[in-house]
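In what comes next, chain A is part of two complexes: it sits with chain B in the first one and with chain C in the second one.
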Partner chain A sequence: MKIDSLFQPLEASSSVVDFEFDGQTLQAPDGANLAAALLAAGVVTFRYTPVSGAPRAAFCMMGACFDCLVDIEGVHRQACMCQVHAGMVVRQIKPESDDE
Partner chain B sequence: MQSDYAVIGGGVVGLAVAWGLLKRGRRVTVLDGDDGSFRASRGNFGLVWVQSKGLNEPRYAKWNQMSATAWPEFAAELKASTGFDVALEQTGGYDLHFSDEALQARVSQYERLKGQLGGDYPYEVLDHAALKREEPSIGPSVTGAILHHQDGHVNPLKLLKALADDVRRLGGHMLVGKSVTDVNKTDVFQITCSDGSEVRSEKVIMCAGLGAVQLGPKMGFLAPIRPQRGQILVTEKLPKMINRPSLIARQVDDGGVQIGVSNEEVGFDDNVTVDGISSIAAMAIKVHPALARVQLVRTWGALRVMSKDGMPIYHQSKTMPGAYLVTCHSGVTLAAAHARYIPAWLDGDGQAPNLEVFGEDRFAVSAA
Partner chain C sequence: MSKTDYDMVIIGAGPAGMAAAAQAAELGLHVLLLDEQSQPGGQIYRDVDRVPDSRVGILGQDYLEGRQLTTQLQYDNLQYIRGAAVWQVDLHGKVAYTVNGKGRRVAGARILLASGALERPMPIPGWTLPGVMTAGAAQILLKQSGLIADRAVLAGSGPLLYLLASQMVRAGKPPLALVETQTVGDAIKSASHLWGALQGWSYMAKGLSMLREIQAAKVPRFRGATALTCQGQDQVQRFQFEHGGKTHVLETNAVFLHHGVVPNIQASQSLRLKHQFDDLQQSFKPVTDHWGATDAEQIYVAGDGSGIGGAAVASLSGRLAALKIAHDLERLDDDWLAQLSAPIKAQKRRELNARPFIDKAYPPYKKALLPDDPTIICRCEEVTAGDVRRYASLGCLGPNQTKAFGRVGMGPCQGRYCGLTASQILADANGLPMQETGYYRIRPPLKPITMGELATVEPEQDELSPLEHS
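Now for the complex of A and B:
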């Protein structure tokens, strides 16, 4: 499924890999910044906040704001501080599924 | 322009006193420090804490209780006038233990204090199973806890903001970026700042925390206080997982878990250290194992303002009458008492509580 994105890659990459976000298969250059890859793929909600349930996505892109948290294999990580690799399984953080 | 009171120090202690003085109709100028100042008001843990304080001085325990009791009305008044909810919760707090011996030793200290306080020391002992019912996130190595019902916590940054806003709203003069270099007295006090400006007032209150170490002796105070560093960690925002605060961890109103805290004698150094934050994190994981999987957002260090016996100092200078030292470690816990009772004491009001036990003479006696 093609999602409209406000972001476009500056240059085509030779080594595109598949990774998963919330059960959906996405593509990005191997080693791409995960937050940038999600935004480029049209993902607008990386997580929902645990207290008010408000949607959040990457904001500062430099590791300071912690708004871009995603679940990577059970651990909350800052997407803007992670690189995409083939087969990576990323999940959106939702309050109800968070506390297992 | 001349004020009735000049308050040196625009942290939680100085602002609470200024706020109370303004409510009594006094004209007040607050001189707040500069970027180089050590600011305990911006780095503290945010507890409104009664238990374990004043084990050797029931009047100090009582003073904390008076403040804890005054806190709800204080918070409500701040909210009504500024719109800031300081997120006060006073549903009790824990002293956590890892051995029954340590817990029992603490209980016998509490029993003695409870007797001295005429029975007003509402606490209960929870074994591991009882604690686990209250706090499902607790780990197996916590053998038990003392739950004290007078304990609680607030958001200390919102408290600072609310006080600063309300002092301005009440007509207080807030001067920021001021480094006071000298205080002299002729018929009035003249307070000189490093930028060459001068403030005049009838009385002057030294609430500059560790700034009193330098300035205090010029005003006739011993000011026997020292910095004690605490390092603090805060996590990403999480679903509710901790119901009541302890000295080790508390979950704040916006969801983050704030983790503390070290007691380090390292002088005027408020840096964080790898050893410091890793041992604090390890302790927190021991208490709440689920924290092992969460992200830390920030760490910081701050300096406590510690007197020799850990108690506050409220003292009028003998060589410079009209100059008062008001300083303490527990500026958040005592904020309500400082706002409500200290102004009456400064005004010489007969209704003010007797604060003699907190005067500097106690240090002279112990030195003799």
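Now for the complex of A and C:
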């Protein structure tokens, strides 16, 4: 699902931490907005919908639309409302794993 | 009245909430300011305290104005809690929120709702594809994270598109195209408001200067575009539209949509406050007086959440609400209230001068107000415009009934991005006015909370009273 990121950073970050998305190790500045970090890393699909299995990603970036939901240690959270920390384990939400 | 923890609890640390907090604290009120983000500023001044100097030139001076508000939050009698997601407000001044995974409840003598605006939903074919975002989201990525998309298409109408385009130009990543839905006819209709707009000249001057930057960078502009669609399989790959009698297809992986912003009425609707439909701004807003007072004695609303006016109007309306609340609580007498509020009211009137011109010149994209049948309007439950029309044909009159028909508005966003569209489609199909059609009945929790978070809330003797149902 990864491509060269569409989103380019304006400035290089001085210190980054490792975190995990769906088994892949990604890097982002410590405390970075998780949705932004995923987009910057070239992640295209954050989750698949429970209704039709359609792919979705961040849409509003302000905690209103819930399209950026990801699984963080078993809880579905809005990626745009979370901060990256070292060792964080994030998973894509897939229809079969959805229990909402 | 039950025991209160604060004189005033403010929800939202954008321009309205921050200005209200500072004004109230200055008058000696005991204030709690709750905000969901990690930094004060709201969306317009998102992360303004942390932005590196290198980004300032791209974002512009107006953005930095936000620091005048964020630096005013230092008072001993003002407590500011960041990362606080409010999930319930009641008519007696009780507020429940979650911070760091812990549930909390507080009571205020007065509550000020300052939860700002949301992007007007813009349901066009393919708007749910990854890579399609709001223009507001693009701005947030730029302000907070310093990220900018390559070869993006900006589509819709309104000054925010020009601001974003000019910032992208300054960052060296001009958009691929600006596809605008407003028409020459809209420009003619707006002309009668030009005099007012000229009195708010600084807005006009800024708009023209942004347009010059966009033009100098040779960004193609298509005005009066129709039939906008985002296409692709697993992500957006093409943006298609009609312009000048021709079909245009642009190859892109990023589309930023915008056709105005609307009041965020989740909290005010959950309180069953009186709301009215504003025909010019094509949105619902709570009914308030010029202080921001509502039909509930303890509840005030300020800023874009009470009608779209922009950041400057929001901070002025926040200060007016704070003054009136201080007066309610007998910390300010009639004379002082009149004296302190007069210059703020005059300035607010001046700031609002340009608004009718902007509203008329950049109306919402019609096809996104009443989309074609196959277009998804409820992103969460994937309900189409045609589904809602079918519910109407089966006798469904109001948006709450549609929930039972097809779960529209019942997903995690709780109608934030389909509420207006669902009401609009029903009103149109049933030949009823928007006011009569109404809006979703919003219920707490306003934000999802885990059972674990709920379990951390301390029980109280006088429990949160159930919301009155009208």
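Criterion: the second predicted complex is superposed on the first by the 95 of 100 C-alpha atoms of A that agree within 3 Å, B and C clash if a C-alpha of one lies under 4 Å from a C-alpha of the other, contacts with A are read in each partner's own complex, and residues count from 1 in each chain.
The definition used in the following text is that a residue touches a chain if its C-beta (ideal position, glycine included) is under 8 Å from a C-beta of that chain, and two chains touch if they have at least 3 such contacts.
Keep in mind that what you see is a predicted model, and the values were worked out from it rather than measured.
When both complexes are superposed on chain A, chain B and chain C end up clashing with one another.
In the superposition on chain A, contact is made by A:Gly63 with chain C only, not with chain B. Look at A:Pro95: by the touch rule set out above, it reaches chain B but stays clear of chain C.
When the two complexes are overlaid on their common chain A, residue A:Val51 makes contact with chain B and with chain C alike.
By the touch criterion defined above, A:Gly74 lies against chain B but remains apart from chain C after alignment on the C-alpha atoms of chain A.
For chain A, the partner touching the most residues, choosing from chain B and chain C, is C. Legend: residue contacts after superposition of the two complexes on their common chain; A:Glu11 is shown touching chain C, with no touch to chain B.
Clashing C-alpha atoms with chain C appear in just one stretch of chain B from the list 58-66, 130-138, 238-246 or 292-300: 292-300. Touched by chain B in one complex and by chain C in the other are residues 49, 51, 66, 69, 75 of chain A. Those residues of chain C lying in contact with chain A across their complex are 36, 38, 43, 52, 54-55, 58, 85, 118-119, 128-134, 136-137, 140-142, 144-150, 171, 173, 234-235, 253-254, 264, 379-382, 411-413, 416-417, 447, 450. The residues of chain A lying in touch with chain B in their complex are 49-51, 66, 69, 74-78, 95, 98-99. Here chain B touches chain A in the complex through residues 236-239, 241, 254-255, 293-295, 297, going by the rule given at the top. Those residues of chain A that touch chain C in the shared complex are 1, 6-11, 32-33, 36-37, 39-40, 44-46, 49, 51-52, 54-67, 69, 75, 81, 83, 100.
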